[in-house]
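Both of the next two complexes hold chain A, though its partner changes from chain B to chain C.
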Partner chain A sequence: MFAQTFVNGLLLGGVYGVATIGFSMVWGVMGIINLAHGAYIMMGAYFSYMLASRLGIDPFVSMPLVMAALFCVGFTVQHLLLNPVMRTSVLLTLAMTFGLELFLVDLFVALFTSDIRSVNTSYSSQALAVGPVLISYVRLAAALLSLTLAAFLYLVLTRTRLGQAILATALDREAARLMGIFPERIYNYTAGIGAALAGAAGSLASTLFPISPGLGNSFIGAVFVITVLGGIGSVTGAVAAGFVYALIQSFAASYLGVNYQEIVAFGLFLAILIVRPQGLFGKRFFGEV
Partner chain B sequence: MSGKRQLILATVLLIAALAAPAFVGNYWLRVLTTVFMFGVVAQGLNVIVGFAGYHAFGNSVFFGIGAYATGIGMTLGLPVWVAIPVAVAAAALIAAVLGWPFLRLRGHYFAIATVALNAAATEVIINIGGVTGGAQGLPLPFSSLPPTLLYRIIYFAMLATLVLATAIVFWLSRSRLGYALRALRDSESGAEVMGVDTVKAKILAWTISAAMTGSAGGLWAYWLTFIEVGTAFDISISVRGYIMMLLGGMGTVIGPVIGAALFQLVGDAIWSHFSGIHNLLLGALVMAVVLLVPQGVLDSLSRLRPPARRPRRAAEA
Partner chain C sequence: MSLLRVEKLDLRYGDSQVLWAIDLAVEEGRISALVGANGAGKTTLMRAIAGLVRPSAGRISFGGEDLARVPAETRVRRGIALVPEGRRLFAGLSVRENLMLGAHVRTDRSAVADDLSKIFALFPELEKLSGQIAGTMSGGQQQMCAVGRALMARPRLLLIDEMSLGLAPVVVDRIAMALKSVNAEDGITMLLVEQDVELALEIASHATVMDTGRVVLDGPSTALIDDPKIREAYMGLAA
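Moving on, here comes the complex of A and B:
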């Protein structure tokens, strides 16, 4: 029981990590809390579902396509809707992304109805038995892929010119401008990458959970908590906090009951916000928000 | 929009609101009562967001507390005119106590902490059970008054609450506290240096805000006669109030009222004609407001006329 709970939490943690990185990065770099992040995850899940049900492409294979599509969505939304608003007040972006979330979720209800759908692969129900513990192949693959994506993003941020420009803009927007970086353009790319990661999380989620237009809502609360837990803007923090959160949730659900899993999560969240707003792992990766 | 014109507009609206029940049917009476209710919520947000600059997205927690305290009070046998003031006091007290840790958080952190507070309150009500009715909801004692009279009384009570809330905001706009809040909104350390007790001012602002929101919630509970956590602590109550405040113009005196009326009436037109995709249109409306009239419609309207003299606006910008 203990080992199984531990493994379940660990496997889910990776997906939570990927779902959070994009959100955390957008918040850290631009100061935008993207309430539509959950809707992006939901869109990613639906794209995967479409590709799987119409063209028969496995969600793990179609993931790059989904990420590319979501990149375009995030980029365009930032360019057309968010950059103009950021010039007046960053806090107004909260209202903007709230509106976007309402819009997107209802759009998908109109397009796909609220029926619950799922992606079934030939290996969906198979599991690896290690002693008394069962490890589902899908969950294992999702967790490993999550870690790979996180590592890839970390390398992009630290090793490429674009990554350096994103970090520079996050640290000091005006100084970055003096170095020949256009902050607006960097914001577009950052939002695109954030959305692409949400798409990846959606892709992974489509193999694990039933899909409905409300899928994002079940993620956004966890994403918030993990972001704050890991330190806003931190990639490694988001991944580590994703595991911590998933383990806490998994243990709370099996030892206290499912009703308590949200109370524990929110209690943790409030405690962290008040006692340690810089996150569990301290160091602020990006600029002050 | 100048203070004088705002005053004229407010007077005209008030006369229209007082006369309306004589001319309209039950449907419009209900729509207008809802407009007033959201007007109060929007004014509550105006105090904490528009004046103090603390974006309390989860202010709906005080709506829920007002509703539940009223419901519990009436279940325990208090008459409604005692239960609602007690509920308002409860909401204000909770805001004053929670204000100390919460208002130390800035910007986004505060906004999210209030959202989490709202979610936590929901869970607490469900898990306490007992007198709150838990997940089953809480039915309030029925009134012996005939429904038509009762709905008229609630209409005027909601209107009176809105007038009172607007009067408080008007007082705030020219009081010492109001200046202190606007100073700390623009620069907290700057206000501190100028001798403003920022902690006290912020907590006072949130307490006033909570009292307003709580009174709307209390009246709403009495109006509905049945409340449950999902609807009483619905985050969309404060988000709508936020949008209304934004639409009318935050930090103005009657802006939030205008915003509430515009949003609710337009929303109602959308609701009745496009059932099924109303969130889609609502979301599009929110995005359009933020993109096109971020300073509020009052401001946009006054820009249509040649500006006479606007030294105040220049100082604010």
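Moving on, here comes the complex of A and C:
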């Protein structure tokens, strides 16, 4: 049971990582705690479900499409709603994203009802047997894709002109302006990338979990914990913390019972806030200590 | 011809006015200095020229063009680069990344690469430390990196705010020499803000003295250096 629990946690960790990176990056770069991030994940799951049920496109195949759609949503929301609010008060964005979350969840209840949907693929129930341990192909693919996405984002941030502009704006907004970087444009792209990653997480989630308008709510708690655990704004921290969180949750569920998984995870969250508010890895945003 | 002209500039923060009818002209190709005590408004004036704060009245023009509606981000593209007070490097990024961000607005890749090697020739330690996280370097190295970052924009006008603050005299001399050589070789016009009046008058050919938000004196450095009022008030020397 130990090995199976360990593998289950490990496989889920990648998905948690992807669900968190976008949220953490938006928080680190703009100081926005995007409470609508869960709704973006839910939207990603529904887009994947629609493309799978109507057009028969496998969620793993349609993922780039879902990410592109969510990029546009995140970009537009930032441009039209959040940038104007940020000019007066960053704190107000909290109220704004909370409202957006409620709006989007209710919108999807109205569009799709609260019925639970699921995406079934031919390989859904297949698993690779390694000794006594069963490794679900879907979960394995989801975990590997998560790591690929995280690595890709890391390269974008460190190697591209846009990535460097994002980091510069995060580290010193005014100095970035002196370099000719328009912060609000960077915010639009950052929000777009954050939403695209939420979309990818939703896409992966659609292959693993039942889909309902409340799907995002079950993620947002974990996303908060993992962000703080990994250090706000840190891509590598979010991935590592995603695995830590999933392993703890997985062991708590199988040794103490499912009811305990959240209690243990959030207890850990509070403990970390008190003991190591800078995150497990001590790094906030790209060396900003 | 004046590359930069500031005319009758007023600036207020809320209820308090910090700049009063400032007139300033910076001649093309020269090094000019802005000197005066703490709180004279020198940094505010620099920030207004760079576009980071908005004047309440008056005019700033660059190369004959009014800058009133030009945001800071666009002023870099027109050729105004500022080395801000306190350097403001991107502390978590490497020296090379900081320098390349200075060239963010440029698309001429091969010229950017040439300019990077020029900066490395000017400040050889930056090349040795190019992979180092900028925030972990000494103050002098950081100031060299900040000057290099601004030069990477290939500006027509380089604004430098308090270059010498908190640095060892040896380092200050080196950066001053570097600025003089860049000015002589590339003809980049410079405006320095300095608390160290002696240093400013040594580097610059022309200086403007400010006091509590107003311009009080203006003239060639050679004339100011012998001015008994300047010697007494700002250099602590007997007239």
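Throughout what follows, the second predicted complex is superposed on the first by the 285 of 289 C-alpha atoms of A that agree within 3 Å, B and C clash if a C-alpha of one lies under 4 Å from a C-alpha of the other, contacts with A are read in each partner's own complex, and residues count from 1 in each chain.
By our rule, a residue touches a chain if its C-beta (ideal position, glycine included) is under 8 Å from a C-beta of that chain, and two chains touch if they have at least 3 such contacts.
On a predicted model such as this, the values are computed, not experimentally measured, just so you know.
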Message = Once both complexes are superposed via chain A, do chain B and chain C end up clashing or fitting?
response = fit
Inquiry  = Quick check for you: in the superposed arrangement, does A:174 touch first (chain B), second (chain C), both or neither?
reply    = second
Ask   = Who does A:237 touch here: chain B (first), chain C (second), both, or neither?
value = neither
Inquiry  = For A:107 in the superposed arrangement: first (chain B), second (chain C), both or neither?
reply    = first
Message = After superposing on the shared chain, does chain C or chain B touch more chain A residues?
response = B
Inquiry  = With both complexes overlaid on chain A, does A:17 touch chain B (first), chain C (second), both or neither?
reply    = neither
Inquiry  = With the superposition applied, I'd like the minimum CA-CA separation between chain B and chain C in Å.
reply    = 8
Remark   = chain A contact set shared between chain B and chain C covers 289
Ask   = Touching chain A in the complex: which residues of chain B?
value = 55, 57, 101-102, 104-105, 107-109, 111-113, 116-117, 119-120, 123, 127, 239, 242-243, 246, 276-280, 282-287, 289-291, 294
Query = Tell me, which parts of chain A touch chain C in their complex?
reply = 161, 164-165, 167-168, 171-172, 174-182, 285-289
Query = So in the complex, which bits of chain C are touching chain A?
reply = 50, 52, 72-74, 76-77, 81-82, 84, 88-93, 97, 100-102, 104-105, 133, 135, 149, 153
Request  = Would you tell me which residues of chain A are touching chain B in their complex?
outcome  = 27, 31, 33, 81, 84-85, 88-89, 91-92, 94-96, 98-107, 109-110, 221, 224, 228, 259, 262-263, 266-267, 269-270, 273-274, 277, 289
